[in-house]
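Presented sequentially are two complexes of subunit A, the first with subunit B as partner and the second with subunit C.
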Partner chain A sequence: MSAAARPMRGRAGTPDARAGVLGVIRPRTRWREFWLLVLVGITLTIGSVSLNATVVAADAEQGAALPAGALAPYRGGLLLVYLGALLAAHLAQVLAGRRSDQVLLPAVGMLGGISLLLMSRLPQDLAGQFGGLARTQLIWLLIAVALTAVVAVVVRSDRWLRLYKYTWAAAGVGLLLLTFVAGREVNGQRLTLDIGPLSGQPSELLKVILVVFLAGYLSENRALLVEQSTRVGPIRLPPLPYLAPMAAMWAIALGVVVVQRDLGAALLFFAVFLVLLYIATARWSYVVIGLVLFLAGSWLMYNLFGHVKDRVDIWIDPFADPRVAGYQIVQALYAFGRGGILGTGLGNGLPVVAGRLPIPLIHADFPLAALGEELGLIGILAILGLYLVVIERGLRIAASAADDFRALLAAGLSLVVGVQAFIIAAGNLKLVPLTGITLPFVSYGGSSLVANAIVVGLLLALSDRGVEPPPPPQRTAGRFRRLIDRGAA
Partner chain B sequence: MGRSVRIGRGQRRPIGESVTRVGVALSLAFGALAASAGYWQVVESAPLTASADNPAVVAAARSVVRGPIEDRSGVWLASSRRDGTGDPYRVYRDPVMSPVIGYASRQYGTAGLERALDAELVGLRRPDPVSDMLKKFEAEPADPQALQLTISLELQRAAVRALGDRRGAVVILQPRTGDVLALASNPVYDANGLAKPETAEDVFRRLREDPAEPLLPRATQGRYVPGSVFKIVTALAALDSGAVRPDTVFPGQREAERDGLVVSGFRIREHGGVPVQDLELAPATEVSSNIYYAMAGLAAGAEALVAVAERLGFNAPLPFVLPTAPSQVTNGGGPLPGGFKDDVELANAAYGQAETLATPLQMALVAATVANDGVLMEPRLVASMTGRDGTRTNQPREWRRVVSEETAAAVKAAMREAVEGELGRRFTTGADIPGVETAGKSGTAELGGRGEPHSWFIGFAPVDDPQVAIAVLVERGGRGAEAAAPIGGRMMEAALAELAGG
Partner chain C sequence: MDGISLSLWLLRLLFLLFLYLFLLAVVRVLVRDLRAASREPEAELGRLQVVASPGGEPRAGTVLALDAITTLGRDVNNTIVVDDQFASSDHAVLTFRGRTWYVEDLESTNGTYVNGTPVDGVSPLGYGDELQIGQVRLRLDRARR
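Up next, the complex of A and B:
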């Protein structure tokens, strides 16, 4: 427990405590974030100029005259707007006097910028309701940056997350059921929910809600989960009643696979749940039981459901049917292969045959393959590195959090990003069966960007050393713990 | 709650410790991602990029002027022209090269070398890895490679002429280097018809419906019952395993020659023309005794026979630039080692019947191995590639030692007897090159009573310093001595003259 929390104890929740938090707003410079953002801006501008040069050269080869200002950054306007938004998010935190993490925003900002370059480079009629792929993606990116800044600046207390965890859980389950019932099938997966003019993929939002609930539940029951056990002969098992949530989680994941045909989300939910359980308890037995459940579930799914079996069979040998079943993944591997170590250069890859791109759904499912071709292995390593930076910052925030809830919440939020990036990247690289989840911050699509923006915003808020201290522990186990903490102090 | 709740300080670990562990685990997971990206982008990059299905190759093939192809003395075999709209198309010099070079058609894709080295010919891949990696910095990254082959157009033409109107294949190798001097298959086709967009559709349909299967490159992808030429494989296995020596005579051999050899209740009979007497390895090879080789195969055992055959290249595609059909000793699945059903199949396989199948290229490699004192060279078809940044030569490469020098010498002597010996002449009529000591073995592959047998010959010359090795197959050609052996002799003579002249 941090010593700073002590004097506030007992006063949290009283009017004057709240006034104290909102009262002092003094601008505070964030030079590290600023210079990192400058670096991001320079890098992205170079990328944009390179892309433009490639496009101009290709046009010239086709016989078109060089346009005026031929070396202007390709779709430079879009990039400029985006960089402006990042700067605004930076300034908002400066003005609000935040003492939050200064690396997260540049790291995810870079990923978002790479996404914008990629979307500018793909054929604009691929998707997008607001005048093309890049424009639509830019609009979602702006919304995401704004959301990140708003969450980072406005959230000064975690009580609304902490106290209503079962409400959040109910909302999540409700959202899931709504998708089960009213979801629209797109590409064979029932993931999309239409509400009026808006459509989105609830599983993206669901992952955030899941983490909030798990952080609340696990921090409250941590002591019991750690210290109790049921003895069956010589084997020490975790307390059985507390295994119920694990069973529920498992059932939900299976339901997601069966009803929504969304292997990726199911894998993500279950993995994040297991890892959070391990973080809370440090007990390997939970992980082992979870893995056994996972293997049993996988075996069941593989034998019962055709779409799961197809995915796995394609994964094992995509080259068995490279023109139909294995087409996507084989084309993705070709793209990685064409890229080699240095890549073909932005705008120079993805050969078009008979007017068609080699990989369908490249903007949603295979951005990593496209980037692997055009930026090469060094580009892929850089992108993987950026995700590792995000994960490291997130886990660092978790490790230095003021209490269990915040620690678990921060760890869970970083895991959601890290595990999701891993699952889809590994799918692109034929390390695991391919699933249809998005590459955080890079894939085309609003739901994903918005959900991940909330994640980053919350991480920023949690990292703020000036945020309201956590409420004092209240339950029995908590009282014991406080005694121990006193003793330790 | 009934159970005790024990809360002690020692048991409550700080959360930071497990967070660190999770961080390490995730870093390892991302390390695995980086490793697999490295695998696809570095290790597998070249084969993926060169795949004929790769859209980059397909796209380039439509616009790029492919590199030319020449024979060993610089005679052009394939080049390119532009049609009225400026799009390039391929021109081929001689139909006899069709089984090697194949075709590049705008409508029907590619075959042969045009397919196997598609990426190099359109310039997407360079043989030099460093230059290949840095090509993105050049103004014109495509660098079509010109190929020089080891094949002699003259020999290839002579081989097709020798086959005449019969279907079959002729493969001529240089045993010391593995260089392919001829890789002929008959019938041939005119690839120009496929390369020209206006005629491609008609020509392709006609070729595909032709019962003579001109699109099948018989030398590399035709699999035939080898008959007696397979005895050379059995001889190598039996000698190398130590089960048989050059002077071995099997007990009961004479009776078996007369009455047939009973294996597991099944009687194997000799073909006509073998004298009823005890024969050692060389005379048994000379008269092509099925009984002797059945006994030699049984003595060597299934394991040794399949092991030597596999060292020679059986049971797997050959390390060759063109795709090859795998040759087999048995179709496998049997309980005996190597997949034989029973001893009867083993005994029959030992003299080249049963389920044994071989490509002409494979049998040429067998002859070349004996000629090269037991060392098998990788067959080499492309001598060099030339691009903007110079010429890169493919050096001859040793594949492996198959048998000991002594074994090879004993088989060499037996093969010499089979051509030069008193009795051998009757079985390999016409294989002998005038003035040059020649070694060889003919084969007559029975096809279960349905029509004429396949006619085979494998051999090499000169015996004391082999310069050429050959395999000749004539489909339904009758006895080996009648069809294949004379072609073998004539072609080896032509090849020796070509090598001496060049």
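Up next, the complex of A and C:
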């Protein structure tokens, strides 16, 4: 038996001949992405002009005519640089000739642009090392866009993700333990890790690693998880031995995260774990068992840990202590209330109380409250709609993926972003207890933007439909016909 | 409402309007994409890639589309004819039930192997698994869509 005929793994159903074709890279136009990006640019420019006019009108005296410069974009340089970066990412993909998704980049680019508008509108001394909030956010956005483009263009094979799933898992756990040992405490949570001048929150990166590991493990053992079962008396339970490594990974992640008091990340990891298990097996029993475990764990944590109890109590009745414990939630609810349906307009909301914004962490934990006030119900519905678009694209990529690993990876990556957005959105709206995770692509912060950029880049890479199929045979047929005709003549 | 606040109000609404225009454009692309996907003819259920075939029939490297019930063996009446001297005339059958492929050994002389382990009766077959019949090795792949 010769092993020479073994074709490449990773791309299903393609013969070896493809290796030669892969070398040739031809630019390929992406007009759909281009026009959507143009629309993003127009929308953000209008938003910026609206913001500028509001700010100028507020500065001008009551009843006076608007100064001449009122209709320029607000801090247009920042916006211009950002839009240029999006265009560059688009051009990079055009030149690389990938046949990947054309909706993801504009949708995510719009969210990033709204983030930039919000950050340039907030007081600049809230945070930021490089000359203010907006400038720092712009630098991180540029890094994120560049990272997305690089991952989307460079990643052509999923072998390095697929083969080393246990290595990835080990790296993730190591990262968490490192944070626990060497991390710095910020706002009562030990989440931040300093490496030289850089500081970041590893749990953001960990969510990507967790999805990669779960996708690798589940795709390998899918058939076993579906077919086998452990019998305990009359009850058919899932095959426990095959769940052990996964449950261990989950327990380690969850345990460390709970010790670090990062409830949002714990909730996110658990949700993604359950969703991927269900996608891989289509067995409701897993979901039911998972939810029961979740309820039991929540009850236990509520009674064991003071900080969990505090969070839940604040959630149930923030008005019990509206000046200290429930302060942020109460102020966020007021902000949503002030916004109403149409919003107060960019630059018109967020009244300053005693020289400070009512919500101290508005740029990190409550960007949705700020947007809800200034853009209203209509505005945040559109923003939540953009997250739905990201989820839909991810599931669509998963549905047309060539094998189980790629399908699970695409579904997991898009859902991790979507679930995170909805956890923090629901937290801001007092639908679930507030947890300190970021709103993907919108919140201020480098590690969140970088991790989500990697997610988008991987989704783009996974959505690539490979080398173009050979052109339809009409031309050759025509040439044949001509030859035959010539022969007949 | 004076002229300035009216124009500010209109500018605000224009931003929201364009936000929704963008969302509409995106949703149109998505709907078109889904329509196009559903118009495609009923996709095949899976495919077998011939990894190694010393006998030359089926040829190594060929990709065979699978029916919901696909029989393999040396007999010419099989869906996939495996012309190998170690294959039985009715060697094995692949069936697609629910969402999973199963392989059943039809009491062949030399047995059917999945990833190197012999199949006893019926066994589930995952995408990427390697099936061996005689000296012929085949890999089950997901259908391309």
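Rule of thumb we're sticking to: the second predicted complex is superposed on the first by the 426 of 489 C-alpha atoms of A that agree within 3 Å, B and C clash if a C-alpha of one lies under 4 Å from a C-alpha of the other, contacts with A are read in each partner's own complex, and residues count from 1 in each chain.
The working rule: a contact is a pair of C-beta atoms (placed from the backbone, for glycine too) under 8 Å apart; a residue touches a chain by one contact, two chains touch by 3 or more.
Just so you know, these numbers come straight off a predicted model, no measurement behind them.
In the superposition on chain A, A:Leu175 makes contact with neither subunit B nor subunit C.
Of the two partner chains placed by superposition, A:Leu361 touches none, neither subunit B nor subunit C. Of the two partner chains placed by superposition, A:Val312 touches none, neither subunit B nor subunit C. By the touch criterion defined above, A:Ile289 lies against neither subunit B nor subunit C after alignment on the C-alpha atoms of chain A. Of the two partner chains placed by superposition, only subunit C is touched by A:Leu346; subunit B is not. In the superposed model, A:Val81 lies in contact with neither subunit B nor subunit C.
Once the two complexes are laid over each other on the shared chain, residue contacts for A:Leu415 go to subunit B alone; subunit C is not touched. In the superposition on chain A, A:Val275 makes contact with subunit B only, not with subunit C.
Contacts of A:Leu91 after superposition: neither subunit B nor subunit C is touched. In the superposition on chain A, the residues of subunit A touched by subunit B in one structure and by subunit C in the other are 223-224, 226-227, 282, 342-343, 345, 376, 392, 399-401, 404.
On the subunit C side of its complex with subunit A, the touching residues are 2, 4-5, 7-9, 11-16, 18-23, 25-27, 29-30, 33-34, 37, 47, 49, 51-52, 54, 60-61, 63, 99-100, 124-129, 135, 137, 141-142, 144-145. Of all residues in subunit A, only 223-224, 226-230, 239, 275, 278-282, 322-323, 330-331, 333-334, 336-345, 348, 351-353, 358, 372, 376-377, 380-381, 384, 387-388, 391-392, 395, 398-401, 404, 407-408, 411, 415, 418-419, 422, 425-426, 429-431, 477, 480-481, 484, 487-488 touch subunit B in the complex they form.
On subunit B, the positions that touch subunit A within their shared complex are 3, 5-9, 11-13, 15-23, 26-27, 29-30, 32-34, 36-38, 40-42, 44-49, 51, 53-56, 58-60, 132-134, 136.
Interface of subunit A with subunit C (complex): residues 1-3, 5-7, 9, 12-13, 15-16, 32, 35-36, 39-40, 42-43, 46-47, 49-50, 53-54, 57, 63, 65-66, 102-103, 106-107, 110, 219, 222-224, 226-227, 282, 342-343, 345-346, 375-376, 378-379, 382, 385-386, 389, 392-393, 396, 399-404.
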